[in-house]
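In the two complexes below, subunit A is the common chain; its partner is subunit B in one and subunit C in the other.
This part shows the complex of A and B:
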């Protein structure tokens, strides 16, 4: 019984360490530094206090407090921050994670259960972290006859497409990752990728259950895509634009749900169907076809699909808020940043600290984000609600209602919107401005 | 001297570039989501156990039994009509957006042809639904 190998020599151990450090330094000098310097040609460096922010100056931000807040501000307004942190992936993933936990507690309370309780001191709040670690430490089993490359990239494509959907949702005035002129059409284009990914991963697994689930998902998603697209046409007719930020700005005085309630109902039902939630969870019906198209996914691959599903849930709820509930519009409740700190700085005893560049975020952005999050969380809760109430419906009933009823109802509000426009109630020069 | 630089082709390229710039953050977020979540698969592959105890483990799931036959089986054509209808009516609904987004700048008389278009599409839709509902032909 020996803990150290008998051939162990301390000198050789130290020599191997030195060797590793030498190679790391050598590779960093030969490859890493040139890459950094080549990248600096293509990155647009910000100008802070009249000086170009070179990497050397950026490293002195701790020593020079007058440069700290401007550097942070220039980072906040960069594209990377938008993509990675605030209206993009980090914000959406945080809301998605919160949704998973809230869903479990909410459904448990509805069914007189307790829900997650032991993980974490307060009401099982660390359950999600535990689940994540568990999923990561589980073995990933790939079926022997599976189409391995497609099977591996299926979850990644799902998360990536959900992220692309998130990028189109405006959160606060000017705070949106991508703002194309035809934002709504871009949303439809992004939604259209989901059935393809589902069918691809279902086909790649080469199992009966995944194949049945994948075909069900295909039928369901394409049946409900047409009512989804048609139900939003009334909004476009009333607001006269396809840009999502401009649609929000057009609802400054009244929300579109006031004039297009039927569209809102149709859109809400179609987003439940697109999200494969109860009562439309046929593709993942666990009592009929093991887990549908998710059957063969194990470990972290399943975790990534779940993350993508909840990102999609957030994006759809955000889209509902943006189109029908007025987005970031709401009364100004966020307190203004104290001007005393901007002009005089903070005085503690004999020391006065001045912070040039404050505030980091303007008041409108914080207020808009607050209202957007409140409305979106409300919509998410209403989307979660049917899971505790309704049973699952049959596939032929689903297709029948989708094709016969929802498409017809979606057209009703288009004609109502046309009538409001041509009767001179809404639109440019209308009675209600 | 440099007039060839300002030819209409250059303008077109600028317009295409502008459109691409407004869409590029979508691709950036797609890429970021893949790059940010992909390592979890690699870490999971590194720390999770990988045992090949028996070959049955790598068979597709069939509720505890050894699966028979192929996973990619044949199905009834019962709901195929809906997939065919999707191809037509999805394009129709996107065409309506071209009209709906520019309706405020169009004269009111331009709505009549759209109503006619909708009438034609409704007739086709009703016929397609009738055919989709027939049980004896699928």
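This part shows the complex of A and C:
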């Protein structure tokens, strides 16, 4: 049992919830309903289609699926839904939150620990919610001689840039927030903003730990950005386009990782370095420089940076899936929507409900999303894995491998790709289409 | 719509350029420089050249501005900057700028280039690549030679023979 709250019993908690609900219902019946009726007595109700719109009629219309499903469907195809919910922020934040919890449990199991256990009764599944509430209720402390404008805006810019990166990742055919023709270049431009934000917020905190961490982050990100960009050029050469959706479509029959394994390895290691994860977590090395460039952030500012970091992790894993693992391509395993529901509706006893406008999502989109999520979660797990295995490396070894070895290795696959292209094996008009 | 975006971008670009020149804090000056360069990327987007805009962002904002930040943070500024407070220089600079702007402005207004076309398709980057490899190939070769010589020169300057690499054990 938890030692923090030894008197806690789940049954008492549920009993108190039931108690609160009982009192709310009682007070609403005695006080709320008369007020509603008095208001209805004085308000002149509108007449629609020759019918007086009483609240009962309004609720009946709201519950009628033939009237609400088209509204939901048009909302699903709006830009706001794309930005806020499905391929955009909501979906990515959900995956990022799941990643935080899975990382803690996964590392614990690797090291024969138990990980989060008490919060939420079942293997600690409510730990993340508890952490979020804790971060929101914590005080935001700003160091006395900090540069306040930059210090305040740093976490917001970090989350904003990570969100911009997420918006470029195509999830299913046609389901992407922003689909520019120069998508891969837009990804490079977005990645270039991270070191600026990191070093500015590290400088603004006016602490030696943050400054050392910020300079380390700057060194590391700049030296690994070049092999990152070079390793993706072989994909551009093979697929002949910079648009990420078209790159996915070009992998209909085989994944590019088959022809560019060296690029995939270089890209994978550079994304671990860009994400500042072990073994490249020098900017946040907690045993050397407290928490690196995150030292002075507290409360929800730290929470925002953490959210941005995991959004970035999802975006990089999604980019790996899109470029090397075929994105949403995969065998059609999602069952088709049952046609008799569309034609006949659902019959429950004497009532038959018809649902015009179903299905909400087409089969290809659901299947593509399924495959994309499976591959991305696999890549995320492989990114999490080194944290339980490897020690941290030294900064000079990191810079040496970054500037000498990875850049050299990144060129190898470009020449292989060019060779395949000029030999007429791949590319437009090649032997394998 | 396009005109208002153009005006907003112009105010952003010129305003942050003035901030970059005039503000006391070097960090804020480099942030102003970043905003100026981003504003220029916005102009490229407005001119239907997203390819150039993305390169402007990733090269100028992502690399050069970061290098400037790096330099500002690592070097003590008393060592490299002497404070020269001379109001006559400032007025001379402003006067020179006004004369140049008037000259360029008369040329542009006289050239008949007065309106922006907004409904043209964006420039295809494949066309840029084709032009570089066919008609403009001498320019490409000259650029490649200049860049290669710059890289070799930088390596030659950065090379230090007095340091032995006994610290590194990799």
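One rule holds for everything that comes next: the second predicted complex is superposed on the first by the 369 of 433 C-alpha atoms of A that agree within 3 Å, B and C clash if a C-alpha of one lies under 4 Å from a C-alpha of the other, contacts with A are read in each partner's own complex, and residues count from 1 in each chain.
As a convention for this text, a residue touches a chain if its C-beta (ideal position, glycine included) is under 8 Å from a C-beta of that chain, and two chains touch if they have at least 3 such contacts.
Since the model is a prediction, treat every value here as computed from it, not as a measurement.
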- Query: Should A:397 be classified as contacting the first partner (subunit B), the second (subunit C), both, or neither?
  - Reply: second
- Query: Does the superposition put A:136 against subunit B (first), subunit C (second), both, or neither?
  - Reply: first
- Please work out whether A:89 is in contact with subunit B alone, subunit C alone, both, or neither, and reply first, second, both or neither. first
- Message: Output check: A:273 vs subunit B and subunit C. Expected answer is one of first, second, both, neither. What do you get?
- Response: neither
- Using the superposition described at the top, determine whether subunit B or subunit C touches more residues of subunit A. B
- Message: Touch test for A:196: subunit B only (first), subunit C only (second), both, or neither?
- Response: second
- Message: So in the superposed three-chain picture, is A:285 touching just subunit B, just subunit C, both, or none of them (first/second/both/neither)?
- Response: neither
- So, A:299: does it touch subunit B (first), subunit C (second), both, or neither? first
- So, A:218: does it touch subunit B (first), subunit C (second), both, or neither? both
- Which parts of subunit A are in contact with subunit B and also with subunit C? 180-181, 185-186, 188, 203, 211, 215, 218, 222, 225, 242, 396
- Over in the complex, which subunit C residues touch subunit A? Could you list them? 27, 31, 34, 50-51, 54-55, 57-58, 61-63, 65-66, 69-70, 73-74, 122, 124-125, 167-168, 170
- Task: Enumerate the contact residues on subunit A facing subunit C in the complex.
- Result: 147, 150, 180-182, 185-186, 188-189, 191-193, 195-196, 199-200, 203, 211, 215, 218, 222, 225, 242, 396-397, 400
- Complex interface listing, subunit B residues touching subunit A: 19, 22-34, 36-38, 40-41, 43-45, 47-51, 55, 57-63, 67, 70-73, 75, 79, 82-83, 85-86, 89-90, 93-94, 96-97, 100-101, 103-104, 108, 111, 118, 125, 129, 132
- Note on the structure: The subunit A residues in contact with subunit B across the complex are 79, 82-84, 88-89, 135-145, 152, 155-157, 159-164, 166-168, 177-181, 184-186, 188, 190, 203, 205-211, 215, 218-219, 222-223, 225-226, 229-230, 233, 236-237, 240-242, 290, 295-296, 299-301, 303-304, 307, 311, 395-396, 399, 403-404, 407, 411, 414, 418, 421-422, 427-428
